[in-house]
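Next up, some structures in structure tokens.
Look for subunit A in each of the two complexes below; its partner is subunit B in the first and subunit C in the second.
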Partner chain A sequence: MSTVAEWEARALAWSNEHPPPLGAPAGSRTPVSASQREEWLAWTREMHAAGLATMEWPVEWGGAGVGVEETRAVARILHEAGAPHVLSSIGTGMVGPAIIKFGTPEQQARHLPGIAAGTTIWTQLFSEPGAGSDLAAVRTKATRHPDGGWVVSGQKVWNTYAHLADWGYLIARTGAPDSRHRGLTMFVLDMTTPGVTVQGIREITGDADFNEVFLDDVRLSDDAVVGAVDGGWGVSMSTLSDERTVVGSLVLWLQTEVDRLTRVVRGLGSDVSDGITTALAEVVTEVRALADLSGREQIAGAETIGKIAYADLNIRVHQLAMDVSCAHPGAVPDAWAHRWSDSYLYTRAYTISGGSNEILRNVVAKRGLRLGS
Partner chain B sequence: MDLSLSFEQRDIVTSVRSLLARAARPSSAVAELEGDSLAVLAEAGFLDMTELGGTRVDATLVIDEAAAAGICAPVAAKVLVAPAVTDAPLPLVLGLSAAPSGQMVRFGGDAEAFLVVDGDRARVVGREDATVVPQRVRWGYPAARVSVTGGELLDPGSGPAMLRAWRTGLAAEAGGLMRAAVRKAAVYVTEREQFGRPLGGYQSVQHRLARGWVLAEGATWLARRAAWFSDDDAAAAAAACYACEGMREVFRTVHQVVGAMGITDEFGLTRLTGKLIYLHTELGGASANARALAQARWSGVGAADPTGSALVAG
Partner chain C sequence: MTDGALERDALAKLLRNEDAAAWAALKDDGWLDLVPEEDGTWPMVTTAATVAGVVASAGRSLPVGAHLAAAATLARVGDQRGDAGSLGVVTDLWAGEEGRLEGRCWSSAAPDHVLLALPDGTLGIVPGASCALAADPMPTFDQVDVRRISMARDDVDQIGDLQAVGVHESAVAFFLAAEALGAVQDAAERALAYLNDRHAFGQPLGSFQALQHRAVDVYTVGRMATSLLDLAASGWVEADLGSTASWQAKVFAGSRGVWAAEQAIQLHGGIGFTWELGLHHALRRAQRARLLLGGPSRAAAEVVARTDVGPRPGLTDWTLRPIPLEPLAP
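Here is the complex of A and B:
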């Protein structure tokens, strides 16, 4: 069985031979042209073919069955090599694990090879204009069709990569309107199905990786149901838990940026203020502690605590990076300054997505501290 | 001590607000100079206030209201900073630079002239004597990297005077931006419901927005104080330091309570918060302004006295 060091070496060798897609700045979230999209998708498929995208999956489904340490080590190597965001990440990180856990053998056979090969791109269709933090308020309705199967109508929002996706991972209400979490079902949706309309949303960084998705009488067959009818809440919670576990990789990326920041500050010598060096020491320590905390399954609620801590620490690191860039503009390489400024804007997303920090703090308060009713 | 606005000052606020409400605004979310709005203010005489008998405090009201309206234009440079260093007529669109070379200057790509701090003296530099490289920034103002040669050297003391006025204007602009951002967030959380009630009904949301309001008002009042005591380096530095710290926090607060909607171009909050992101780093941000405050208030503390012994000695 390969060690972490062996996986790092493998990832380094691969990234040296496969530079990131041209024109996609490090950390880019979505392609901005058709040609960039094709190049980026091809690069993604090559990464999958090298076995670097589904390492933690079971071997029978194209993975290597490795643990979280190896996965994160590879993610860090790719990040340091200037890789853009991996377009297949929703498939590999959320949908694939859910289908492995809850899918039928037919669904596994149909979808997992494409996800493992990076040849199918997925989007998550959970949030709605009226159901963000309160996912149980989902109103997109799935009703039985007289000829069999389902008819789905509603609106989804904040759907990352929906504009690129082949398939959607959809949660819809199959129960009574007031059934809350008990009346939800998870479906897989071919995004080319008639009645599916995708509309882009441009956000604060200037990227348009988010979308709205409108579903107008979309027909789904019975075999589109993942798990049980009205059992979608449990499937979605498992997915959201996986989403929060992704934090572990994000912490390693943060560690890379903190290392870069340290190099800049060290190079400034005595020109840098005590405030900056103190703040740097604090974030270095906390990022290290968070990296150690991440993935510790024996710590109850580790993924929830980790997500809260990461989101707040991400802001502090990038605020400090901004402070250093502005106080010492000539000391920061342009590529780093650009990345830090883009990441600073995007820090806002991490305190909201996957469950806002406020919701997660409530979870910690209620389940961890037994506070409130 | 009467801190209330005079009748004339309330008139200034109402008039500026009403003028800007009627001015044409761009529909694009990309930051660009809003020349029409600047021209409207100039034609109405609001950018020549101090020459027409208005005070520097009056000037901060204009800056504040323009910022609150989300106007993207160098109002402070024209109405407050320029009159602080020269009586000579200057073009409408001015860029402010903290040093002669390699500075990131707001509106640098559009500026017709630059005011540049050069030690104890400021310079007025025409566009023809500047090297301007526009920067692709996603923040709320257009900017360029600017280096200047030559220009007209102003009187001794004009450098510190320019910095005082610039810091004061920064704080006034920050106050207006923060107030508008907090207000927009407050309206949203009043309407947006989750778990069966408006988000604004949750104490965690209320407390954060309340603190944001405090920060906005604090910056506004410190700016007015600095405008009143216009020769006081410490007052200006304090205003700028407080404003820079406040802008960081308000940016986080309003986006957190508004959620994903707030980071979209279409919602419009980023027209305000994009400016907070840029402005909170101007003049070195909170830490540089804090050091300036320390040096001004307790001269000898700072680079020359890192242990702060002069501070302890009082």
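Here is the complex of A and C:
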């Protein structure tokens, strides 16, 4: 058996034995009650224990050292099973790899086991009210304390799972105010440190899976720095470039929703309108094209074309899914009608997060396609 | 130069000839050889698709895709007429007067044989000389080798069953998409180059954000086209000649491909609207991919019916757990 087939079998067996916490009517992206929270965190830890959360990590840090094919195959099975958002994904996908690459041995020993086990939850503290797509405009300030270490003050926003997180992965300005990307430093932040205040932001979906985080004279020790002081941009870029994997996973997830929708439409036989069939065939085709494209290297500067196209396609798919749900209500389970309607409201987020589609088009045009230079 | 670049150069040189000479050379130099291996694989199909795309990009009236599709089908059903000089395919057929069959045919002006799906669901072949061929009344099809055809049912030999028709139609879908998307990719590249060459208001067109954003989306269509054509070509290992992926490529060519071809013209401004610039060849081929073989509805129905969408056997789909509908308080 190939390793992909082995991992698929393993993921299938695990998933069949581990029902995820019920995610509806609310709570598709974040737990909405204390008991659901505990259930969801426990499910996450069990997924980690089964080795399904850090497959690509090096073996020495709790991973299996496998490549992207195996990881995608497992992700696909979990999406087909209806797995919820993985609460530990910022840790496993971003912070862990950064600490493996840039961390000191002490940081690695301290943080990696908890990330690998899914027992510590992390949040990303990058964006600010004045710095979204323009991350180099970050103003949260870290200054040296006379007794050693740092004092950090500022405000972060759009911090997914900050309300659940034990630790934060923080980017702050250690350089002069106008130093842009050259004066930034990455820190790890214990979210229980005095001066850290987390406030939920309710989204148009009705949920609050992300937050504002206020930092008021928060004390950090020197060993909280990841990489070099003023070297934070390079550290953050290396983790943001794992975006291809993130987009690949999002596309796979979208494909499983398109597949569910196609099964519904197919089951309707000749009852379904020509318009729905045509619109469906177009998204079936485009999602497959994106699934393949997101596994290929793009020319330098054009790496984000997959993310741009995904974000727009995501909206079309969910509009069509809602159209089908209401044109043929008896043919669509309530749970799916709920998921698609909820996901439709969330589609706006993907056109903005990770760099807005508008900014990304600018970047691809100028750096990838060399237009206007 | 790599081998790939050498071949394209050789192909381009050959295409500078007049139509008849170019066609003869394409055949003689082996560019149109497409036969399966013993194990049922088609290693040359990617090359065939590239050839079809290059010829289409050149805007030449050489029905390479039709010939390749027909030759592949004939090889699959074991009919020797695939070795003939020029093959065509009827993509759409309807009943005419006095028992005649009318249709749209993708072929040269004088094909030796033409393949068609008969009304009874069987695969037929008819000598081109027995048919009446005329220019198609829809000007969109001008210069893309689509002609009106008329024939007597008695002149058609049956050579295959329903499955053979499936093979035939998906081969046609594949090459319609390959020619269209090859031409569209070429038009897109030209548009991107033009945006930097052409200046207006004291700056290159490519410095205007609205055009940059449009260009990125056109470029992305080109990348998606590569993915879908590769997927369709790699599907040519089964008896159905990769039908699902071929129909998917056709859907894409006829929707996003058409859009990209339109944009390639638009991004050239006024000069894009001239016959001479030749961008209309990409648009005509994208429309041809959309409109032939039953229009977008037929291809959509094939994609929805054939695409493998699970569910995966043995996997519990937890999303099917019913959600509790909370009763409202009285």
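Here is the rule we go by: the second predicted complex is superposed on the first by the 355 of 373 C-alpha atoms of A that agree within 3 Å, B and C clash if a C-alpha of one lies under 4 Å from a C-alpha of the other, contacts with A are read in each partner's own complex, and residues count from 1 in each chain.
Here is the rule we use: a contact is a pair of C-beta atoms (placed from the backbone, for glycine too) under 8 Å apart; a residue touches a chain by one contact, two chains touch by 3 or more.
Everything numeric here is computed off the predicted structure, so don't read it as measured data.
Colleague: Have a look at subunit B and subunit C on subunit A after the superposition and call it: clash or fit.
Modeller: With subunit A aligned, subunit B clears subunit C, so fit.
Colleague: Which holds for A:Ile204: it touches subunit B only (first), subunit C only (second), both, or neither?
Modeller: So A:Ile204 only meets subunit B here.
Colleague: Thinking of the overlay built on chain A, is A:Lys101 touched by subunit B (first), by subunit C (second), by both, or by neither?
Modeller: A:Lys101 contacts neither subunit B nor subunit C.
Colleague: Check the residue A:Lys141 against both partner chains and state whether it touches subunit B (first), subunit C (second), both, or neither.
Modeller: Neither partner.
Colleague: Just to be sure I read the superposition right, which of the two partners does A:Gly330 touch: subunit B = first, subunit C = second, or both, or neither?
Modeller: Once the two structures are laid over each other on A, A:Gly330 reaches subunit B alone.
Colleague: So in the superposed three-chain picture, is A:Gln319 touching just subunit B, just subunit C, both, or none of them (first/second/both/neither)?
Modeller: first
Colleague: Looking at A:Ser341 after the superposition, I want to know if it touches subunit B, subunit C, both of them or none. Which is it: first, second, both, neither?
Modeller: Only subunit B; A:Ser341 stays clear of subunit C.
Colleague: Who contacts more of subunit A, subunit B or subunit C?
Modeller: Here the partner covering more residues of subunit A is C.
Colleague: For A:Val265 in the superposed arrangement: first (subunit B), second (subunit C), both or neither?
Modeller: second
Colleague: Touch test for A:Glu80: subunit B only (first), subunit C only (second), both, or neither?
Modeller: Once the two structures are laid over each other on A, A:Glu80 reaches subunit C alone.
Colleague: Nearest 10 degrees is fine: what angle do the Cα centroids of subunit B and subunit C make about that of subunit A?
Modeller: 70
Colleague: For A:Glu358, is the partner it touches subunit B (first), subunit C (second), both, or none of the two (neither)?
Modeller: The answer is both, since A:Glu358 touches subunit B and subunit C.
Colleague: Once superposed, minimum distance in angstrom between C-alpha atoms of subunit B and those of subunit C?
Modeller: 6
Colleague: Using the superposition on chain A as set up above, list the residues of subunit A that contact both subunit B and subunit C.
Modeller: In the superposed arrangement, which is not itself an observed complex, subunit A uses residues 274, 358 for both subunit B and subunit C.
Colleague: Going by the contact rule at the top, pick out the subunit C residues touching subunit A in the complex.
Modeller: Within the complex, subunit C touches subunit A at residues 192, 195-196, 203-204, 206-209, 211-213, 215-217, 219-220, 223-228, 230-231, 248-249, 251-252, 255-256, 296-297, 299-301, 303-305, 307, 309-312, 314-323, 325-326.
Colleague: For a test of understanding, state which residues of subunit B touch subunit A in their complex under the given definition.
Modeller: 29, 102, 104, 137-139, 193-195, 202, 204-205, 248, 252, 255-256, 259-260, 262-266, 270, 273-274, 277, 281, 284-288, 290-291, 306
Colleague: For the complex, which residues does subunit A have touching subunit C?
Modeller: 12, 15-16, 19-20, 22, 24-25, 77, 80-83, 256, 258-260, 262-263, 265-266, 274, 277-278, 280-282, 284-286, 288-290, 292-293, 296, 298, 302, 305, 308-309, 333-336, 338-339, 358, 361-362, 364-366, 368-373
Colleague: Across the complex, what residues on subunit A touch subunit B?
Modeller: 127, 130-134, 137, 157-158, 201-206, 210, 273-276, 315, 319, 322-323, 325-327, 329-330, 341-342, 344-345, 348-349, 351-353, 356-358
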